[in-house]
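In what follows, subunit A forms one complex with subunit B and a second complex with subunit C.
Our next item is the complex of A and B:
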């Protein structure tokens, strides 16, 4: 450990380096999966179900096959046999897939056939010519569906019920009690880049251009499904046009691969925007009831957070919304409970802070309602209930600079002097103005990753790890970590990523990619330096000879004596003298169970929002957002700030824009496009600021990194909801806030 | 969207003849509505008759106390034409708010009126100003032209040539746009003109309509206050994911008030 520590703090980590792939992206040279056109490429188009439950009774195959340009139509009958059932979920984080295994329809938008043709247009037309006939059954697609069950677990293995202390007693003892129910909508991912694949078989080897957030897991599952060796699958995923949890292996991508096998030619299959509302996971609606009790001085006596949510009829994923109540506010009694109902929809999944996002908007609204009930400023109320230790576990936090976040955010926003009562502020145009605050939180998660680092005789370095750049800046941040780990300037480092042949970098998810793969890269670099050090200190001809005990520092391509930095030697010279072309280090990283046993590990933040509401129309503008976040070590403040911006904008989207409307009769999404499924545009986001609050965490992992990818969405949505209340005096508990509920 | 014939006649007579010969042919002007409809297979005409080569359909003229606008005049031209800006500035301002820059530079006033989208802007102006729609075979008062959702009084094969707007004493327009599509959720055009006061409402119902209670109130007292307390009944108004019928009813009042203020 001390060995690696002494090599940290190089020149790259902490610098606001611009994206290394930025020029490629703004000039259109970055090749996303669907930009690839291998010779002989055919185009595949999905035909998807228009019913949500039942079976496909007939497809007009002759009509589709007769259409000019059509090469083949893949249906259940001619789909190649698989080595693993598509429902098998033994690979971590996987869901059941719909791969034409039978004529059953489990949700609207499920693939029911694949048309392969010489052109996209021909395939699209032929898919329409299939004119499916169905036997449709009755559907349930909303939380009002009858029945339900109490799940044993939610999210990924979180307990379905958690009780700490006696909530009922806490509520009885309270001077103030509130009970309120909040509803969050069905949401779909809508990454800019649709899910797709360009698949080419060469014998039993498979070459894929395919966006994925988990190269190794994707390869593992593909190998099992296809019955081929993982080493024979080569996935290129250098750029991902947004993943947000939806881009692990999806069914349509497998269908593209099977289509290529069927026709013996490379095939491209890319979902249309509308087809992204079904087979590639979503966030289920939730109905959350919060019961809070507080003493006269505003100290919480109890929190009960109950969630009703939904999963598909055939598979399991339950949005773990109540989890935020475990960690955020101190209360002697906390209970979280869940109920679930099965619906005729695709299976929900990991979507932009799954659980934290939807839970946070409810908890933060309820906390605000309680602050008002206690006659307290909402920020003061949050500070009164500040959790010094993790409330449900009693564990200390590995680090927690939330108090500083509140203070810096409030100062920047100008929170002081906010009138306590709602509907007190107007702007010069007569619009109602309101201010709200929300607390942001997200756990510091780690997966497992490996990396390889090489120092080369020409004085350059190479780092390899199959990391994933979803736009967050992985190409840059990992290179910065790699450069520092090897004591090289950034421009002396070659970084290879985004390919399944490289060391397994785990997944880009759970806001844990930088911590995990960064840790592996850091360790690999440290090992390479350690090997080089061994060579140098053992070589009488080296100025570092015998420096083993005092130690060396690696910087700028040189090893330097720690006790006398004027004595040192360039890497290249050490290697040359030793007659070596290179030295190599390998590293891995994973969560440290001992640390997790001792500490609660979370990133935190405070978000302040200003909204303006037209009193006649109910139209809402989030005119100002200020977020202050503390998430351990910041590898690249420029990238981190833009992660926070993105998260905060998703939070705004959660509060004000996004909602998929289900037709309860057909089970189809009625607004499966970006014209009617609203996401924020620039005009909706006039001003966002993110403050990076200093936080050093010696426990969370070697580099002290927490995650920054998802935390911004939490806190923000609640802050906006609270600001709307403050502007109007109307508490809206159904999200996104509909203008018609305010315009009266 | 699949095979169809394409014709680009250079005279009105040729266009009318082509349409008469093929009942499944459709005229295309800006294509802003028709092309997406073809792509979605909502419409599968055998032939498209492109009107962009016909000189008779272009041009903006002042004829006595009216402004006459050719069917092929684009929204951008309406928004920036000096004669319209001088005579009916509210109409120019309305045109400037249609869709986006691309739509305004392709979409035409004739296409919009012939299409009669419930959320289209112009029909409210045509109703409020008491416009006359001119076709290849007759003249139709606005009151008789807008029949229902996407439906006009025009017969199959009938071609809209232009529209004549009487010049009002004053006129104003206000609308609430759908934040994504920019189409009108509800818009109100008010005019005080030679034929009296007109109040045209778009976006709220299946077809643009006149709000006669407001017209009477404004005739008696031309001021925002005159309409501030007139409630549009919510029955028969549109209800969708963007807003309920009650919300749109509220919008009729608010937009009428703002339109009168806009007119001055």
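Our next item is the complex of A and C:
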């Protein structure tokens, strides 16, 4: 299938190589941050606030300090001075941190003390013995909170309001109109690996084992906070047990570092599962109102997507849910508007497809409602409103194989013959069956990255870039790019990643890591090859002498004349004759502003879902998911398929399972564990398929990569919601779908 | 977790002596107790480890047809015991519908009877909870309590008992064998758990130091084997506690129900035996109308304790479902999704 199609002779890119870290992980040898135990290690445990607003009036420090094994308790009074206020954001994509700067409490779960002890158990118990007394104020933690404001921007600098055409006129002119409000829940990050750090100071040098999606940014902010040189901070982050946007620098990690400084010993601090529900960002709830108008033939005349969401009382991040309406469907008039309210919660942040995930479920539901109002098949309706150019900007797409995604997905799923009306299908056991579709979309984003590539005299290569493997397989995919860039087989390449001393690889976020760091690696390899070529073509003793005009190709550890591949020479021989141990190339990559000015750049996909619903009990199961995605060049189809699966399963979770139950009286999350904060289990995903749709993009970046990390979650949740309607005839607009919505 | 004394007794008598010391708790698998200790809900001064006691891990099929199950038998071992599974299929189905494979491999029969409620306010030490801290109040009332009790609750406590296993046990008149400082006694499972009343902190009739040593299912219970099922409504396909559940067992002779057993789970602080429903079924044809009448009877006294009125109707429906499945006959082999609405009725497909 796609794997064979994408395989090319002599190339690692496109091959379904298995993970280089697979064996390490399945045998337990992969060393995650918290697996490190330097000599003399102490354990630090957070005490966190049980109120959401107010101040800590007292802590029973004597009781905690007296507990056997306790070395120190870090509180505001003895916390070391910082060079920068924790509210100051010295680097992009950062949030205000809670580093014991005062006695104020701004959300439940905020760190209020750190206990350092010889054992984890002693530190945990001593943290409980602190028995804080609070002065608590009244809290607001839901979207029903009074007030609100109109934000100037949402997400990271997206406009808070966008108007294209005259929506009211479009609605007036429409033959069909729908207006519906959809609600998405408060969700918390639950990566398998909780946030943590193992910190060891040697003088002013700091050695850290710490998962991070942004080694360089983390190092820069730490340097600013701690008042030390960035070069003196060494962060190892070879394996990250999931990040999903939450693992830039978190406050608790800084507290672990400060604790190590305070006691002069290495310290490990790892959050408990429950402690992740507060200081490490979350996805805020949204309430989205969609107003759509359509002509009699199903052509949309207007889209208005309005979002009410929330941020913390003290910092800003607004889930940019309406952004999906800028790009997905053609309409002469599109408006997106936002309102926000400040709540007594931790600050929301980036959670896999921030904005697209929550916005997609609302938009895709509304599109489905309109298709039904128009009496059209939902897929036909989407094709009727296919955006040939990006609707709000009018720019052409750099590439867009969404039509092929619809076609391949529909064929594989068996969409044809779907009854138009709901509640028409039953399985042999009498369960209601429904089919739904959703369109997936995510922008192709680039950050900045650098890389270094070396060809060595022994014929091997080395590529270095401080990239981040969050479990997605970056270590493998980047090595594939590196091997191709140096014209080496994969097993001849050493790839170094996951360390802050390596070239800055930017961040693993925005689905842009492979494109960005991959571009830098590719450029570095190309430069190394160019240098080697210069040596060879200028050397009369080389079979490549004088080949500069016709050019050479690098493959299998040899340079070959482009016009006559029988004439070539091994890298090792070229270097040996030149008396060199190695040649080196450096590369960088960043977004091309000229291309971004000319083209709209997005990955697309189509997700088809089958659900079954028990007609009496209302229990739901998504029995089949088929997603077809087009995301430019695919470096490794095995890893990419896995990314799509993961995204689609999270989309399923969004539609059916995931929701934090925050007590509105206290602001505490009442289901802060994985028994009660539901995510799908294996039995919830009996069948998931991902189709890799061919797409070549000459504009998006040098390698034509769009990124696959987040798109799977979009489209899927809407497809499931729409399938539930098709199964039952009941349109659910609050997510995740509660059992009582259907079991009545 | 508080510092505690750890005791490893060599006999049941030693265990009981150790367990009678105030502040002691018996440790079986710890799948519930250790979690509660980690979050500070349970703070025993001493743990009496039952895992090395001899003689508590057997499944004895007795001469009179009863089965006696040692308190330390693991859930998975019991559910997969061929003789047990054949004779008490609803119990096996309930066991396999609970928790995850890993937990079932560890959790014990005795521990399951004594597992604590999943009420979020019980688990949150910063909240008021009469069950955890008598007299402090009940923050579940006024909170999000959609999954709380609809039967047998009081203004002092609206928590539910989370066990699946106990539901068919209540239906089938299981007996709990207890060893205590004053000797041995037997307690009918239906009398074992207590409704909250004004003393929700008292969850069972066990006296301090009393230890569950075995569980017995009487021979009569096996008489329902041909028509015994457990049905469980939950918010994901596996690894979730019941929203509502029901165990139904019928004896059908010549197209008439001659004996019926029905118990509900997820609706009260104890597994809820529905005798009114059983009476309504006696002598009836095993048909939808009779099942619906029985379900009405079972929930006649139900009232919402908060935003959970929907559970009353769902409890009726799960009762009807369990009765319907039971009437259709116990399947040759348990479905791969035990007790699930998504377990195929028609056979063939595995999942």
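Convention: the second predicted complex is superposed on the first by the 734 of 744 C-alpha atoms of A that agree within 3 Å, B and C clash if a C-alpha of one lies under 4 Å from a C-alpha of the other, contacts with A are read in each partner's own complex, and residues count from 1 in each chain.
Everything below uses one rule, namely that contacts are C-beta pairs under 8 Å (C-beta built on N, C-alpha and C of every residue); 3 or more make two chains touch, one makes a residue touch a chain.
Just so you know, these numbers come straight off a predicted model, no measurement behind them.
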Three-chain arrangement built on subunit A, subunit B and subunit C clash or fit: clash
Contacts of A:15 with subunit B and subunit C, given as first, second, both or neither: neither
Partner chain in contact with A:619 - subunit B first, subunit C second, else both or neither: both
Which superposed partner A:101 touches (first subunit B, second subunit C, both, neither): neither
Contacts of A:428 with subunit B and subunit C, given as first, second, both or neither: second
Touched partner set for A:289, first subunit B, second subunit C, both or neither: neither
Which of subunit B and subunit C A:676 touches, first, second, both or neither: both
Contacts of A:76 with subunit B and subunit C, given as first, second, both or neither: neither
More subunit A residues in contact [subunit B versus subunit C]: C
Which superposed partner A:686 touches (first subunit B, second subunit C, both, neither): second
Shared contact residues on subunit A - subunit B and subunit C: 125, 128, 616-619, 661, 670-671, 675-676, 678, 684, 738-740, 743-744
Residues on subunit B engaged by subunit A in the complex (per definition of touch): 2, 41, 176, 179-181, 241, 243-244, 246-247, 250-251, 254
Subunit B contact footprint on subunit A (complex, rising order): 125, 128, 616-619, 659, 661, 670-671, 674-676, 678, 684, 738-740, 743-744
Subunit C to subunit A touching residues, read off their complex: 1-3, 38-40, 100, 118, 120-121, 124, 126-127, 139, 142-144, 146, 233-240, 243, 310, 313-314, 317-318, 320-321, 337, 340-342, 344-346, 351
Touch list for subunit A against partner subunit C, complex: 50, 68, 121, 124-125, 128, 274, 428-431, 612, 614, 616-619, 621, 656-657, 661, 663, 665-666, 668, 670-671, 675-676, 678, 680-684, 686, 738-740, 743-744
